[in-house]
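Paired with chain B in one complex and with chain C in the other, chain A is shared by the two complexes that follow.
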Partner chain A sequence: MIRAVRREPAAAILATVAAAVLALILVYPLASVLREAVVSEKGVLDASPVVRVLTNPVSRQILLNTLVMGALAGVLGTSLGLAFALATTRAVRGPARTAMHFVALLPLIAPPFALALSTIFLFGRNGLVTRQLLGLEISPYGLGGLLFVQTITFFPVAYLIFDALVRQLDPALEEAALDLGASRGRILRTVTLPLLRPGLAGAFLIIFVESLADLANPLIIGGDFNVLASSVYLAIIGEFDTRKAVGFAVVLLLPSLVAFFAQRIWVGEDSVVTVTGKPSTGRVGLIEPALRWPLLAITVGTGVVVLALYGTVVAGAFTKLLGIDNTVTLDNFRFVLQGIGTKAMTDTTLLSALAAPIAGVTGLLVAYLVVRTQIRGRAIYDYVLMLGAAAPGIALGLGLLLAFNHPPLRWSGATAAFGGALVFIVAFVVRTAPVSLRGCVAALLQIDPALEHASANLGASTPTTFRRITLPLMRRAVLSGVIFSFTRNMTTLSTIALLVSPSWRIMTGQILNEIDAQRLGSGAAYSTILIAIVVVAIVALQRLFGHTAIEVAA
Partner chain B sequence: MRRATSILAIATLVLSACGGASAPGPPTASAAAGGGATATGCGPKGSGSLVILGTPQEEYIQGVTKAFQTECGINTTYVRLSSGEALAKLKADKASPQFSVWWGGPADGFIAANNDGLLEPYQPKGFERIPTQYRDAKGVWTGIYVGALGVALNTKVLKDKNLPEPSSWADLVKPAYKGQISIAHPASSGTSYTFVATQMFLNNKDIEKGFAYLKQFHQNVLQYQKTGAAPARQAGQGEVAIGVVFSHDIVAAIEEGFKDLKIMFPSEGTGYEIGGMALVKGAPDPVAAKTFMDWAITVKAQELGPQFKAYQLPTNPDAKVSDKSVKLDKVKTVNYDFQWAGDNKKAIVDRFSNEVAPQPR
Partner chain C sequence: MTGFLELKGLRKRFPNGTLAVDGVDLAVSEGELVALLGPSGCGKTTTLRLIAGFEDPDEGTISLAGRRIDMLPPNRRDSTMVFQGYALFPHLSVFENVGYGLRVRRVGHPRLRERVDAALALVGLAGLGDRRPQQLSGGQQQRVALARALVLEPKLLLFDEPLSNLDAKLREQLRLDLRALQQRVGITSVYVTHDQAEAMTLADRVAVMDRGRVAQLGSPREIYDEPATRFVADFVGRANFLPGTVRGRDGARLVVDVLGRVRTIAAAPGAQDASAVEVMIRPEAIQLTVAGAPDTVAARVVRASFLGANALYQLASDSGELVASLPLDRGAALPTDGAIVGVRVRDDAMRAFPASGTL
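Up next, the complex of A and B:
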C-alpha cells in the first residue's frame, strides 16, 4: 500500500509528459491528415478527397494495385524468408551457415534506392545481364520489377522471424515423428510448418505493411504501375494539392493499420515462443536430400543476386557510366563530396545520432509506463506510439508537413526554428521509437518485478529503483533500440521525402534528387557512402557495447 | 516528489536535446563572407542570408549560389524544385513565404505564378540591357537564359531495334516507338510543359487538337519522370531510345559520356524556354534578394553556366556564348507565346493529369 502511494506521483508525471509528447508528435500530425481529408478549405465537413479515391476508376485501380502488390510481396517475401530460415538451420552448418545468415541480413541496411538502381543496371532494358549478356528484351518497369526488388528488400524481416522460431522449435517433436516412421517431407509438412504458422501470418502482414509503405521502388521502377504511396508523393510534389494527397494517404492508412495491428494481435505480446529452458539437442539435417537441394538452389541463388546487386551499386559508384563507359573513376565521389554530399553526410549522421537516443529513451519510458505502472489507460500509450511504425512513412511525413508548417509550430521549412532540423528529428523518433518500445516491453516482462519490489521495500523511491535496478537490466534492450534507430534514420526516405530544408540535407533525399535527374553514378556513390556509414556505425557500436547489433535491425 | 522530478527531467532533457544541439542552425560556409562585397560593387546585404528556390540542374544552382556567396558575402542556401513543384510550393507558402528569389525554369511558370499573385515586380540593375523579348515589361520576371526544346536520340538503341531515326513530332507518335519515349510529367516539370505547350502552338492554340496529339504521344511513353532533364540520361543509358528534353541538357548528357546520344530538332519546329528569375512577394529578405538578382544578370554571373554543364544561352548580350550551346537562330522554332502558355498552364496541366496520364497503354 505504501509502495503504491509512493509510486503514483512519479508515474502520474511520467504519464502526463508522455501523453503530451505523443499527442504533439504523433496524434497531432496524423489528426492533421484526417482533418485535411474531411474538412474543406472553407471549414465545412467534406470528405470528397477520400470518396474520390474510392470511386474514381483511376484511383480505384491505384488502390487495387497497392493491395495486389502488398499481398504478392508478402507471399513472396515470406516464402523466401522461410526458405532461408530452413536452409540455415536444416541444410547447412558452420561457415556456410554464417555466410548465408549474413547475406540474408544484408538487404536490411540497404538505402531505399540501391537495390532498384542496381536492378535497372543488371536487369533493365539495357541491363548488363538481361540485355548485354543474354540478349533478352525484358522491361523491369512495372509490377514484376517492383515485386522482384521488394521481395529482395523485405524477405530478411521474414527470415529473422522464422530463424528465431525454427531455432526455438523443440527438435524432440520432429525426432518423435521420425521415430514413429514419418518421412522427412511429411514431418516438414505436418510438424514443422504447422509450428511455424504464427510466424507465417506475422511475416506476411509485416511485409504487406512494408510493401504498402514503400515509396522509393515504385518511383524508380514502378513504370505505369501506380500505387498509393507514390500517388501521395506526386500529389504534393507536382501540384502541392494537399487535399488530393490526404485522400490517397487516408486510403493507404486503413489497410496498413489493420494489417499491422492484426499482426500484433495474432502474434500476441512479444513472446512468440518462450524459452522453455529444456535442453535442446539441436540436431541439424532433418531434411530430405530431395528438399535440401531445391532449398539450397533457391537460397544460394538469392544470395548471389543480393551480392550482385550490392556489388553493382559499388561498381556503379566507381565507374564513369556503368554499362556505357566502364572507365574506373572517382568522379562520382568527387561530384558528391564537392557538392552538397559532404554536408548531407554530416547533417544526416548528426540528426540520426541525435534522434536515436531520444527514440530509445522514449521507447523505454513508454514501456515502463505500460508494463510497470498502474496508470489508467496505459495500453493506449502503447498503441499510440506503435502508430509511428504502423502508419506508412509517407502518410506520417504528410502529417508532419501539414502539422508543422505554420506558426506557432513552424518546425519545417526554410524559415523554421533551427532551419527545420526539429521536424527531421521528430520524424526519426516517431518512426523508430516503436521498435525500442517493443524491445523494452519484452525485456521488462522478463525482469521479475520481485527485484523492484525488494528495492522498494528497502526504502528506495520509484525513480531510484528505476535508475539502479530496472535500467541496468534493460541496458541491452535500450541499446538495441538506439542502434536500430540510428540505422533506420540514416536509410529512411518515405517519412522525410516531403520535408525540404535549405539548411539541412538528408542523404536519402539527395539520392532521390540524383536518381530523379537520372544521375545514376552519383546516386550509386551516395548509396555506397551511406552503406559505409551504416556499417561503420554498427561495427563501432558493436565493439563498444559488444553484442550483435545487426540482429536487432529487424 | 523531489525524486519524481528526475523522470520529468529525463523526459524534458530528451526533448530539449534536439533543440539545444541543433541550435547552431544552418551550418553554411560563412568563411566566404569576408571581403568580396565592396570590391565587386554588390548591393546591400540585407539580413546577410538568403534562401533561393532554384529550378535548373542542382549542379548549376549550387555553383551559382556559391559564386554569389563568395562574391557578395551573403550566405546563400537553396532548395531545388522542378518548375511545377516550385510553383506549387510558393502557392502553399503564400501566407508566409520561405524563399526570397525564384531562380530558373521556364517563364511560363513565372507568368502562372504572377497570375496567382505570388511575385513582386523588380527590375534588376542592367534590366534594360536584356533584350525585350527576354523579360517582362514591368519586371515581374527577368530572363536569365534561353534554350530550345530538343529530342535526344540513342542511335545505338534505335539501330539495335531496327527503328528509323525520327525527325519530327509526327514521327514520335508512330506505334513503332511504343515504350521507347521518356519525358517528365508536365505537372512537375517545366521542360515537359514547354513540350505540351509547343504542341498547342503547332495546332494554332487549338487545345483539342493539341490534346489529340498528346493522347497518341502518351501511348509511346515508358514512364513519366519528375525532373525535366532526366529523360536525356535515361535515353543515354539505353533504357529508352528517345528522350524529350531541352537541348542544353542533351549537350550536358553527351558531355557526361553518353556518347550514343544525338540531338534532333523536330522538323515542324520546336518550342523554347526563357529561363526566368523573380522576386517572391513577401520575401523574407527582399534586400539580399535584389542584390542577388542584380548580380544574376551581370556578364560574370551569366558566363558561369558552362562551368557547371549548363549550356543554356545567356540573356545578357554581352556575355560570351559557349560553343557547346545550341544557338536559337539555327533551330526552327514555333511562335511560342509565353503569356498564353503561362495563363493556360494550370488548366492544361490539370487536363493532362486527368485525361492523358492515366490512359491505359
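Up next, the complex of A and C:
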C-alpha cells in the first residue's frame, strides 16, 4: 500500500480530492435528507415524518400509486423497447431502419413535459383528436395518461439496451438453430429472446427508477393520481413543510436505490455499454411475416405518435390555443421572450454549459480512479457517484436545498456566491456525472492496459501517460458524457424544481409555471425553444469535436 | 557470478494467492540475449514485468548496470519493452509512436526526426512514418514496436512473446531478423517465449522456467543435450522416458540396467543417489534396424507416419513405449504397422533422472 502510494502519488491526491468532493456534493445532501427525516427540530430522534407516510391512509395510497406506476411503466416501456429493437434489427433494413432508430431516440431529448403538454393538446378534455376529431369526452388526467406519456418517454432506454444486445448476438447461434431445422419463429422464441433476458430485467428496473423519479408528468397529467415525487414537491412548494417533504423523499429513495443497485448487480457491470463480439450481419435476420406485421404495426404506430407529439409542441407554440383557437400567431414567443424567457434561456444555457464539462470530467476522473488505480476502496467511489443517478431527482434536489441552506455551506458563502448559481451547477453535475462515469468506465475497460504500460515503459510519468495516451483514447466517451450532461441539464425539472434563486431562472421551472397558470401556448413556446437549443448544441458539439453518434444522448 | 542485469531471490505472489515467481536468480551479461522459456503459468512473463516495473516484487532485488532498479517506477528504468500485442498507440502515427519516448524526454525536433527515421530504417520501415498502426500488417506492427523500443537506446531490451501473434512462416523469418538486429545493436536483452524453437534460434542462453523458478540456465545446446531436470528434458524437444534400475556408479556417471542391458550413462543432478531412475532418450537418438541384430531390443511398430523430412515411429518394446524420429531416404518404404524391428540406442545418448517420486 505504501509502495502503491509512493508509485502513484497522483492517484493518491486524486482519491483524496474525489472523496472530499463526493462527500460534499452527494453524501452530505442525501444525509441531510435522512437526518431531517429522523431528527426533530429540537434535536431529538424522531422518525415521525417517515412513520406518517407509511401509516397515513392517504400517503399509503400515494406510495402504492407510485409503485404501481413504476411497475406498469417498466413493463410497458420494456415491451415497447423490445418491440422496437426487434423491428429495427430484424424486420426492416436500410433507410427504414435508420429512420426508425432516429424516431425511437427522439423522446430522449424532449424536455420532460413537452410530451405531456402535447398529450393534453391532442387527447385532453378539449383535445384535437379526442374532442375535435372524435367528439369524445375523455380526460387524460390520471394513471392512464401518465402511463401513456411515461411509456413514450422511457421506452428509448429499453430500446437502446435491446438494440445493443441484439447486435451483439453472434449470428452463428441463430444460424446454428436454423441449420438444426428450427423455424424462424422457433428461433426467436428459443434462442434470440432467451439471450436477451438479461436486458429484460435491466430495462425494467431502469424504467422503474426513472418513472419513480419523474416529477413533471405526474404534476401535469397525473391529475388526482398523486405519487411520491410530486408529493415531495407539493409539500415544499405548496405547504412549506420540510419535514413532510423529507418523509416522502425517504420513502421514495428506498425503492429507487434498491431497484437501481439491483439492476447493476444483476445485469452486471457495463454489460450493456460494452460492445464486444462481432456485429451481427443479420443473415438470418428477417423474421416470419406472421410476426413481422404486428411488430411493424406497433413500432410504426408508436413512431407516428412520437412524431405527432413533437409536431404538436411546435404547433401549440405557434397557435393561440391549439384545439380551441387554431389561429397561427407568434404571440406565445413574444410573451416568452419579452417576459422572463430570454433571461431563462441564457441562464439555463449558461449554467448547463458550465456544468456539462465538469460532469464529464468528474465521471472521467472517478472512472480512472476505479478502473486504473490500486487505491483501496476504489469501488466505493463508483457506488457513491452512482447515487446521483440512482436517487430520484426530487430527493437529490431536496438534499441540496437542505445542504445549501444550512451551515456550514450557508456560512461558507457557497450558497450566496454568484447569486446562488453554485447549487444549480452542483445539481446538474451530481445528476449527470454518473452517465459520464459509466461511459468512461466502459471506454477504459476497452483500452488495453498494455498501452499505458508501454507509455510508462518509454519513460512517461503517470500524469503524462494519462494526458497523452489515456485521455485521447477516451475522447469520445468524455465528449458523449458532456453532450449528455448538457442535454439533461437543459431539460431536467425534478432535480432543480425545489431550488430557487432570485438571480437565476431555469427554463423547465418557467415552463412548469406557465402550465400551472394554464398558459399552455407559452409553455409550448418555451418547450420549442428548449428543444431547439438542445438540438443546435448537439449538432454544434459534434461538428466541433468530430463525429459522435446521436446515440450519445442516451 | 555478477551480471549486467541481475535478479536475486525474486519472489512475487499475486493477491489471488498464486505464487507466480518463486525465488528467481538470474544474471545476464552485457550484450547477451537470454530467453525465458516455459509453459504458460511458469512465471516467465511475471519475471519480465518485474524487471520492467509493472509489478512490485515481494522479495528480492533487481539491478541493472550495477544499480538497484527495483525501487524505481517503470518510467524511470532504463529498459524498454516490445509488448506481446505490440501496444502501439492507435491514435498516433507510426512516426509519433516511435518518437513517443523521445518526446517524453524532451528531445528537440530535428534530433527527434533524425533518430526516429534512423530507427524506422533499422527495422526496414523507412517511409511508413505517416501511417497509422492499424494500417500496417502484423509483421510491420511488430517492427514498429521494436523501433519504438530501440530508438531510446536503452540499457536493456525486454521482449514479451513479440512474435506470438504472427503466423508460423512470418515468425520464422522475423526470428532470424531479430537475432541479426540484436547482435548488430548489441543491446542486452531478455526475451520471453513459450516457443522453444524461437528461444533456441535467438538466445545466447536459455532459462527454462518451471513453476516460478529457473529450472535450468544454459546454452541452447546444454539445455537440449544435458537437461538438468526431467521437466526441462520433457519441455525442450521430445523425450522418451524408460524406467531403469541403478546397478552402480562410475564417477559422475551411473551404471543402469535399461533397454535390455546394463549401460554406463550420464546422470542429471540428483540422480546419482537414486536407486531407481528414469532414462531419457531423444526420439532422433534411436536407430532402427532388423530384429535380432546385435545390441538391439525387439520392438513392435504400432504406427509409422511419414512427415516429409523424416518419419515418426511409435514403438512398443518390453521396456516400454518409445517414439523414434528418423530421416527417411527418398523412396524408402515405411515398415508396416505391426512389424517387429530392432531398436538400438547408444549409451551416450541416454541421461538418467531420479524416478518421479524419489526427488
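Here is the rule we use: the second predicted complex is superposed on the first by the 525 of 554 C-alpha atoms of A that agree within 3 Å, B and C clash if a C-alpha of one lies under 4 Å from a C-alpha of the other, contacts with A are read in each partner's own complex, and residues count from 1 in each chain.
The definition used in the following text is that contacts are C-beta pairs under 8 Å (C-beta built on N, C-alpha and C of every residue); 3 or more make two chains touch, one makes a residue touch a chain.
Predicted, not measured: the structure shown is a model, and the values here were computed from it.
Look at chain A after the overlay: chain B and chain C fit there side by side. Touching more residues of chain A than its counterpart among chain B and chain C is B. Touch criterion not met for A:Y383: it reaches neither chain B nor chain C. Within the superposed three-chain model, A:T464 lies in touch with chain B and with chain C [touch as defined at top].
Within the superposed three-chain model, A:W293 lies out of touch with both chain B and chain C [touch as defined at top]. Chain B and chain C, viewed from the C-alpha centre of chain A in the overlaid structures, lie at an angle of 160 degrees when rounded to the nearest 10. Once the two complexes are overlaid on the shared chain, A:W266 sits clear of chain B and of chain C alike.
In the superposition on chain A, contact is made by A:L351 with chain B only, not with chain C.
Of all Cα pairs linking chain B with chain C in the superposition, the shortest spans 13 Å. Chain A residues in contact with chain B (one complex) as well as with chain C (other complex) are 461-462, 464. Every residue of chain C that touches chain A in the complex is listed here, in rising order: 52-54, 56, 73-76, 79-81, 83-85, 87-91, 100-101, 104-105, 148-149, 152. The part of chain B that touches chain A in the complex is made up of residues 1, 3-8, 10-12, 14-15, 17-19, 21-23, 25-28, 51-52, 57-59, 62, 77-82, 84-85, 88-89, 91-93, 95-96, 98-99, 157, 179, 185, 187-188, 222-223, 225-227, 229-234, 236-240, 256-260, 284, 353, 358, 361. Chain A contributes residues 9-10, 13-14, 17-18, 21, 58, 120, 124-126, 131, 139, 141, 219, 222-224, 234, 236-242, 320-321, 323-325, 335, 339-340, 343, 346-347, 350-351, 354-355, 357-358, 361-362, 365, 405-407, 410, 413-415, 417-419, 421-422, 425-426, 461-464, 466-467, 500-504, 513, 516-520 to its touches with chain B in the complex.
Contacts from chain A toward chain C in the complex involve residues 3, 7, 448, 450-451, 453-462, 464-465, 468-469, 472-473.
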